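Letters A, B, C, D and E name the chains as they come in the text, with residue numbers starting at 1 for each one.
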């Protein structure tokens, strides 16, 4: 009976999430930053699925017909939906910026400050 | 529910108006009719007439509070359309698309007005945010606008990530996305719930531009075309606050003692940073961006206190703040030069507009007999009622005093200085009339806030 | 060791390594490829957890559609050169430090968690397409419909931003 | 017929308000001035009439209350009792005088000028009459805002900065007041802002201390008390003189009034705890202000510092909570208003004719304008509380109270009596006496209107100085209540 | 008659109002009639009242008019007290006042009518204040009059307002008076809190119930008041400067009114002082010091009015000595006689000045005896009176003081004697320099020398007569059976307290012997003065050495300038420039600047870099976590 503690998944997810954050902080290319954000979202997805599974397992012990956990998986689905929409708009913005300044380096975004 | 569906449909309608007519005026009129219609159906829902009977499995539920909030926001949008319609028309080649985006946002706000599930919160906020990224960048040939859009987008997505992480942890703890479910359970915070709460606090603070998550605000507000800054800073921000309030009331109400210190810190930081940084600004637009942070600080007090005064006060605050800010932005958007000096001697050239703007500024500064005073009054009352955080109230009033400093620089420019700019401005009679109307609404609410708060 | 556990560790290692490579690759195209790698690893995790629907969607939507879009944009901008200037050392250090401490703090807070995941036979039906689809179109039909608004707005937004307008650039 | 008429307080507020609003819509400057004069005289008439009608036998002479914000626990309550009568009388007297003194073509956009002035009057009346803390606060601010605009639009060269400082300073103070009021409101048993409900609040010692502090800061800034006074000289100097008159004659009394109506009755324990310290600071401030006044070379600033010293004395008297000092202080509030009014009139006339406010640049006006000089000398001696002028009675009683409180404080405070003579006489000597200097060649003596106003003022100075009894009869019951509350804790 | 008492002060007040308000309309004649008429009328009423009071069995009467201050536990009546002491003063004030008014009509004839009327208005007001002071039945009414005379002296000293130095003198007088007034005021408060009332009747009847320390305090404070008004050390310097006013005013201030207020006050409250020996000693010491100091200064003054002024200060010192040793009647007696001869001397000096066209330097006079015969005779009488030659008025009063001083302590006696001798010397120095020898002024002045007109000489003559006979009401017991008329008259009010164990008890014989000795010494002084100053050639060079110190008045004015005026000005400028502008206002502005500064610094956080924004957010989140997870849990 393979049992994986939920903490493994939590830590995995946190690690991915953190790597995403570090990426957001360290990179200057807007697209890469955006990709790191996608990485963060995926970390959340993993976590949600894991929790879904965890709750399901807990509920399954008493009720074999339980649907506990479905909502998290659907939530992941919605996250993907939103991510897709975001990507559409985000890439449109990046492309628009690229058209104007021929760069996607966020360090050049310094007209607005102070 | 009425409002969600109607505004979404109207958004679609707006998309097609662009094909049907090239006359931008017509588009504006259609949009105006639309927001009126949404306002009416929303009000009808408040009165008990619901056109759609959809089982949302409890993910959306409207009570009086939410509907009144929605009414206030929609009414503000109406004022916004009336005052800024012309500017929206000028903002892009196809105003119909921009109007459509605004209607989608309204639909998102209506979701926020009634969410009972973290899922709806998430979707609602995204429906609000994604069109906003676009609106921020709608002045495509302006690099500032581009920059604002990208900054807003990157940071907004990042905060979405934070929020989702929070939601995930909450789910992990509670096994449900329903707010009541999160609030249920033991009285103490488990680590997971605490983590989720802090992450949600951070991301919601981001949405309402509370310090130290506010940094996007000045840049984005400054870069965004003025007409949309106005929308962003008022209506959208109100929605953010409503979501914040509702989330923390319904999902973490039981743990108020646990998050209150954090909330107090955020509120105090927001007040201090917003107000103090605004002091130095030379551009009215940027000053207003900081002021919107400052005002957010005051609204944070409501979230911090989370009692009956806070809820009444938030509604009043939304109305007072939104209408006043929309009014000021509407005038500002007629200016090419956004520096304070551009307003020199404004009162001599356009006394009526200046007077209406004065009322708006006084309201923002919280001077009595304007709605802004009672809004702040409620916030302070809420904080003091809470008991142990009198220092927060003191910080708030000191910041309010600082705010007078920068708001009144505009007043000084308008009233006490000699005209220095040659810029000729035209204000149509209808604009002046509507602006005056907005000022009168502010005054009426300032003398009799019961008209609004009594509804709760 | 059960096969699931072995797979778990393998996929975890893969995901983490690939994620790091996303961040550290100099070449954006490589980053995209490494990200696809991460998604694959995650898909693997989904499969372990018997979330078949999500595994498929993740593969198709994310790794397939979205990442291709990214790749396309990067190629379009001709950013494949390793030309990106690096952020300052200070910033990198701060980033790693803050990221690391965030993780440490959270791990410290959560180390006593005692939930677990097991994969008994017969219990994993919730992740199946049939099951999820049913729930999606009954209980979750409202959010589903609402997300259409989201897509509409994203579409309109993309159109607004993508349309070519005047050519004078104001800075 | 009038015995049953109870709406005097309301009339006192609505008349100036109506006049002010009407005035905004009048284009002709002459008409605007006429309207201002008519409405202020009407107000004065109402005030005078109300003195003869009391609704009850008790100390409450007229009282009205309208429903306003029932949900908030606030009602629009107004009262005319002994204390209020004195101050409203002062307000009602000052405004017509100010309007009469302003010549028709003095200010551009005169309609707004008069409108704002009348709004100020409305605010002041409201502050004095409010029986509801929220109403009190609103009027407190309402009195401030028009003054800010008046001073900033029609003031002197450095007006914007000076008045802004004044505005922010007092605004900060009033925000503290707001917090105090809200706290008290939450402590009332039934969530009410009414004065009576506030009186019934039971506070712990520490709470009282805090609330005391919050209220006190607001009032202290408004008065202003040393060391919160630095806004005042600049503001007085820069504001147009009619506004300065209102500021110094009536507006500073808001703070003193606040002490009497709100601070003493609400927080007696705190008063008991702090009054020695506060009185010491105030008295030091009095001497300080007097010393600083000696150095001033600007008539307006001199009067301003002198006012700081005098107001300080009144405040110190109030804090002794001795019946005699309180009676004296209330009378002195009236007297000081009248006296400083006269001083400002003179300062204004001089500035108007010579364009100079520098003391050392003036001289010999007495030769050119003997009438003006007579009035000035009377006002100046009233300012230094010479017997048989109004200020003597009040100051005598306040000093008596101070003496009863702590003899050595009274002795130290007495220094200001001497110093006041020094700076006042210096000013008279330099400005009025001596050889006629170039700036005052061609000085013209006062005209009929000015003489009339000054005569009225002089009459009041002497009347109150010789026969103050009617005032004491008016106020002693109200003052007695305040003292009793303090004594019985 | 006493129901008309109110007329006594009211008439001068009416005169003041008529002359003051009508100064532009009234003719000079009308001004004269009103100005002098009211005083004479007032004098007549005073006489009638005096008769009533002097009648046997008359009791003091308190006449109430209205409540002045009746609030907050304070009950102060506007009421008058008519008794022996007040009526005596009434007579002196209105009587001498009338003479001075009459004198003024001629002396001030050069003034234009409005100013002339103004002058009379001031004079009337002055007399009104003084009468109020004397008539009041409580200390507050006295205080009102007290400050009133201060005001009037200010107005009169600064009468020629175009002259800056006159204004300075006026200001100095008022301010110095104010210093004393503060003491008086505090005494009033102390009495109020001690006795619950300030009516004389209440205070004096309860006086014995109060502790001695309290009484000492009260009396010292009262004496401080008297110091100011009656020009005692250290508050005397205003009086010589007050000579800036017109000469009749000096006469009024120095002789009949104002300066005697202090004596009156102490005599009035003798009950209190008697119970406070410490204060009595203080008064005696201050009095005698003042007397000596002023006398030494007077020795070397060259301004005719200044000499008289210092002589006044010196005589006042003697009066205080009398009060201090408990001889209240003697003090009052000397006030009276002094009023006569000092008014005479001043008016005489006025006459001289008038004749000399406003020349006041005695070094430029001389030999006026022939030109101004009436003035000369009357002035001589005045000098004899002040020097204490019998049977002139000064002799008796001064003798009474000396006797009382001797009985108290020999040192007082010796010092008082020295003062008297100096008095004789400087008065006759003045006399000889002015009237004998040869004229030292310009020819023009000599040409215009003439005797003054009747309105001026008439008062001189009347006063001269009074200076001669005025002393006879207080003839000591050594000379007559029915002696001490005055002290008997005043006995209901003023109980002269002889020391229970006098230091030296004098028999009648030794008293007479002492008188003789004193007289001899005084005569020696006069002779000395005549030797030195009736010469043809007077040394007019600037004094040197010790006499320079004297002629510069011991440099007291300079001392005050250095230790009081300068420091106050310096402090005032320091407070204004540094403390108020830099420190307090700087602090206030500093708050504003601080906000602006932090605004400038804080906005740097807004770097425009997405990375740093997110970093700050992360740091915040981490801190929140630490707080929420590890501090709270």
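We take it that contacts are C-beta pairs under 8 Å (C-beta built on N, C-alpha and C of every residue); 3 or more make two chains touch, one makes a residue touch a chain.
Fair warning: this is a prediction, and the values are worked out from it, not measured in the lab.
A.B. asks: Out of curiosity, which chains are bumping into both chain C and chain D?
C.D. replies: B, E
A.B. asks: Comparing centres built from CA atoms, which chain ends up most distant from chain C?
C.D. replies: Ranked by distance of C-alpha centres from chain C, the top chain is E.
A.B. asks: What is the identifier of the chain with the smallest separation between its Cα mean and the overall Cα mean?
C.D. replies: D
A.B. asks: Applying the contact rule given earlier, which two chains have the most C-beta pairs between them?
C.D. replies: If you count contacting C-beta pairs, the leading pair is A-C.
A.B. asks: Counting in whole Å, what is the centre-to-centre distance of chain A and chain D, each centre being its mean C-alpha position?
C.D. replies: 66
A.B. asks: In whole angstrom, what separates the CA-based centres of chain C and chain E?
C.D. replies: Chain centres of chain C and chain E, defined by C-alpha means, are spaced 102 Å apart.
A.B. asks: Can you check how far apart chain A and chain C are, centre to centre, with Cα atoms defining each centre and the answer in Å?
C.D. replies: Between these chains, centre-to-centre, one finds 5 Å.
A.B. asks: Just how far, in Å, is the C-alpha centre of chain B from the one of chain A?
C.D. replies: Computed from C-alpha means, the inter-chain centre distance equals 27 Å.
A.B. asks: Scan chain D for residues touching two or more other chains and write them down.
C.D. replies: Touching at least two other chains: 168.
A.B. asks: Would you please write down the residue numbers of chain A that are in contact with two or more other chains?
C.D. replies: As it turns out, chain A has residues touching two or more other chains at 6, 10, 20-21, 24-26, 28, 33-34, 51-52, 54, 58, 68, 71, 74, 78, 82, 85-86, 89, 92-94, 96, 100, 106-107, 109, 111-113.
A.B. asks: Scan chain E for residues touching two or more other chains and write them down.
C.D. replies: 592, 603, 606, 608, 610-611, 614-615, 618-619, 621, 625, 629
A.B. asks: Which pairs of chains touch one another in this structure?
C.D. replies: A-B, A-C, A-E, B-C, B-D, B-E, C-E, D-E
A.B. asks: With touch defined as at the start, can you tell me which chain E residues reach chain D in the complex?
C.D. replies: Residues 66-74, 114, 140, 143-144, 146-148, 151, 154, 158, 161-164, 167-168, 170-171, 174-175, 178-179, 181-182, 185-186, 189-190, 192-193, 568-569, 571-573, 575-577, 579-580, 584-585, 588, 592.
A.B. asks: Enumerate the contact residues on chain E facing chain B in the complex.
C.D. replies: 592, 595-596, 598-600, 602-603, 605-606, 608, 610, 613-614, 616-617, 619-621, 624-625, 627-629, 632-633
A.B. asks: For the complex, which residues does chain B have touching chain C?
C.D. replies: 4, 8, 11-12, 15, 54, 56-57, 59-60, 92-94, 97-98, 100-101, 104-105, 107-108, 111, 119-120, 123, 126-127, 130-131, 133-134, 137-144, 149, 172, 191-192, 194-195
A.B. asks: So in the complex, which bits of chain C are touching chain B?
C.D. replies: The contact residues of chain C facing chain B are 106, 109-110, 112-113, 115, 139-140, 142-143, 146-147, 149-150, 152-154, 156-157, 159-161, 163, 165-171.
A.B. asks: Which positions of chain C touch chain E when the two form their complex?
C.D. replies: My answer: residues 87, 91, 94-95, 98-99, 101-102, 105-106, 108-109.
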